[in-house]
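Common to both upcoming complexes is chain A, partnered first by chain B, then by chain C.
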Partner chain A sequence: MTATIESPRSGRVAPQYRRNGGSRGNFEMIAWLFMRLSGVVLVVLIFGHLFVNLMVGEGIHAIDFGFVAGKWADPFWQFWDLAMLWLAMLHGTNGVRTIINDYAEKTGTRRWLKTVLYAAAVVIILLGTMVIFTFNPCPVVDGVALPGGFCPA
Partner chain B sequence: MTAEIAEPASKVELPAGVGGGGEIPTFDVHLRVRRYNPEVSEEATWDDFHLTMYGTDRVLDALHKVKWETDGTLSFRRSCAHGVCGSDAMRINGRNRLACKTLLKDLDTSKPITVEPIKGLPVEKDLIVDMEPFFQSYREVMPFLINKGHEPTRERLQSAEDRERFDDTTKCILCAACTSSCPVFWTDGQYFGPAAIVNAHRFIFDSRDDAGDMRLEILNDKEGVWRCRTTFNCSEACPRGIQVTQAIAEVKQAILARKI
Partner chain C sequence: MPTKPAGTLYRGREGMWSWVGHRITGVVIFFFLLVHVLDTSLVRVSPEAYTAVIGAYKNPLMALGETGLVAAIVFHAFNGLRIIAVDFWKKGAKYQRQMLWAVLALWIVTILAFSIRHLSLALGGH
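Our next item is the complex of A and B:
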């Protein structure tokens, strides 16, 4: 006859070892590398952006609708702002993804938070990209130019 | 080669009034120990002990004094009691240390000294935790020499430079002070943890070992080195002074260098 001695585990935290070979792949490595590289590029882009907007010429006093419209008429600044938008959004999204992975304890919570995060990132990236490329400083609605004081009459 | 200067004979200056051996100073300590007994209650509680200890005593001596003279039900692990076996890692005043290497006089004895089990691993009783998740990660990185070449008839020779490459990570005593100080490990029990990476590092950078690629592939996992947030808790906790965070960074670089 055999007696079963109960395992002296605390029962509060059941140790589960769910690691398996299924999660292999280079995604985490690429994400880690992207954070470092995009971080370096963003430092240049953001400080360049701040310098041009706030320091050059009249500096902060020159910023108005016309200033932004003028910048986006130039493909160079279109590309600069596009790169800044994409890199900052992906960098930030990946950072928050990391924080969710680190701190959300329940699988359900983690999944839910990440869904909201990715949805927000996609909307902002698409909307921003659309604005940069379709921006029209002199919109004409029903044959009437919208007031702005900037567009040639 | 320079001639070595002979070490002078050790000499202890005693004050005039003291005859024979110098008297060791004593002081009172207030020890607060985290107690947990699943057979009595699911809740962990604090127990207070007031002890008179000597200036040469360590936290482990205080725990012994409690267990041997006051409360025999106090449970904790210890084996060698001299900082080599790595059995008595615990959270003393909020920091992971070995009880056998922490002198009471180095702690603030004007306040209670708190002793808790290490975090992130399931507590079994009082200061004893289930080390199985820790050792599972350790086993997964294959912490043994794998050599595909012919077995030499004598020992496998290695240059001093090659040996130096992984010298730091050979010091690990598997006490789990690093892994149980890691905030990522606290919330995600699936993370390999610093200790497993340190022990993988010890073989990855060993010139005699041939399975470095396999270990790098294992640590390139979602729960591998990329979960490290370089908070340096592990380097601070290590009782052997291993630069754990640096070792993890070296493994990250080795994975990158191999893939790119």
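Our next item is the complex of A and C:
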């Protein structure tokens, strides 16, 4: 007499052991995949950012208001920086979320640490996006151009 | 009587220490990023405010800090690519140790090149 043993991973998993059950759906798998995909893109974006800003020409000496104005006059660098901001903030926020989940043992502690984290992330992402898209090379206050700006003659 | 657990892929040795390094550098980079978006946002306050704050960064101590930050970023970047290889490449887990030594070798080369250029610019006067 032979007993038939079902092969594992045949899809017959009792509901309580299913990893994708529950209300969170596939969130953790999507987060895991996002870390890898955004990571590859961020290597290119950040290495490019560091090379152009610190290695070329006068390097750090060239960085001032005019340097930023020069870069953001070009939509290419606006979208480069926008992509870097969003991907880096989401990548970093998810990384810190993982660390909070690992080390904060009390449910309440985890909850408020993550609340602070998400609030900071939303503020920084919105602030950075606003700055990139509303940047003005010639800021004017009460009809007077601020010193250091780049105003059309 | 529990004995010391045997080394596995992620416990002890290269696997674990690279994970520790990845966490620490990740947190450092995250907090820098928050500050970096805030300082760049000063371009919306006034040209002089931005240039003044950036000017305050241009001293030898900050040049060393920037080099440390770039060292953290480059390690996180190269080790991140190694993690992707461990997860997606068929032989990734088998060669994770060798890949860490490759990461460290590339990291040293990159940091040497960066430091020579950045520190000679930043410390060399203007």
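We adopt the following convention: the second predicted complex is superposed on the first by the 125 of 153 C-alpha atoms of A that agree within 3 Å, B and C clash if a C-alpha of one lies under 4 Å from a C-alpha of the other, contacts with A are read in each partner's own complex, and residues count from 1 in each chain.
As a convention for this text, a residue touches a chain if its C-beta (ideal position, glycine included) is under 8 Å from a C-beta of that chain, and two chains touch if they have at least 3 such contacts.
Keep in mind it's a predicted model, so treat the numbers as computed, not measured.
> For A:119, select first, second, both or neither according to whether it touches chain B, chain C, the two together, or no partner.
A:119: touches no partner chain.
> Using the touch definition from the top, say if A:89 reaches chain B (first), chain C (second), both or neither.
Only chain C; A:89 stays clear of chain B.
> Output check: A:54 vs chain B and chain C. Expected answer is one of first, second, both, neither. What do you get?
Only chain C; A:54 stays clear of chain B.
> Look at the residues of chain A and decide whether chain B or chain C touches more of them.
Comparing touch counts on chain A for chain B and chain C gives C.
> Can you list the residues of chain A that meet both chain B and chain C?
Overlap of chain B and chain C footprints on chain A: empty.
> Spell out the residues on chain C that touch chain A in their complex, using ranges where they run on.
23, 26-27, 29-30, 33-34, 37-38, 40-41, 43-44, 46-48, 50-51, 54-55, 57-58, 63, 66, 70, 73, 77, 80-81, 83-84, 87-88, 114, 117-118, 121-122, 126
> Hey, which residues of chain B end up touching chain A in the complex?
It comes out as residues 36, 38, 42, 121-125, 130, 132-133, 136, 140, 183-184, 187-190, 192, 217, 220-224, 226-227, 229, 252, 255-256, 259.
> For a test of understanding, state which residues of chain A touch chain C in their complex under the given definition.
Within the complex, chain A contacts chain C at residues 36, 39-40, 42-43, 46-47, 50, 54-55, 58-61, 63-66, 68-69, 85, 88-89, 92-93, 95-96, 99, 120, 124, 127-128, 130-131, 134-136, 139, 146-149.
> Show me the residue ranges of chain A that touch chain B in the complex, using the header's touch definition.
On the chain A side, the touching residues are 8-19, 23-29, 31-33, 98, 101-103, 105.
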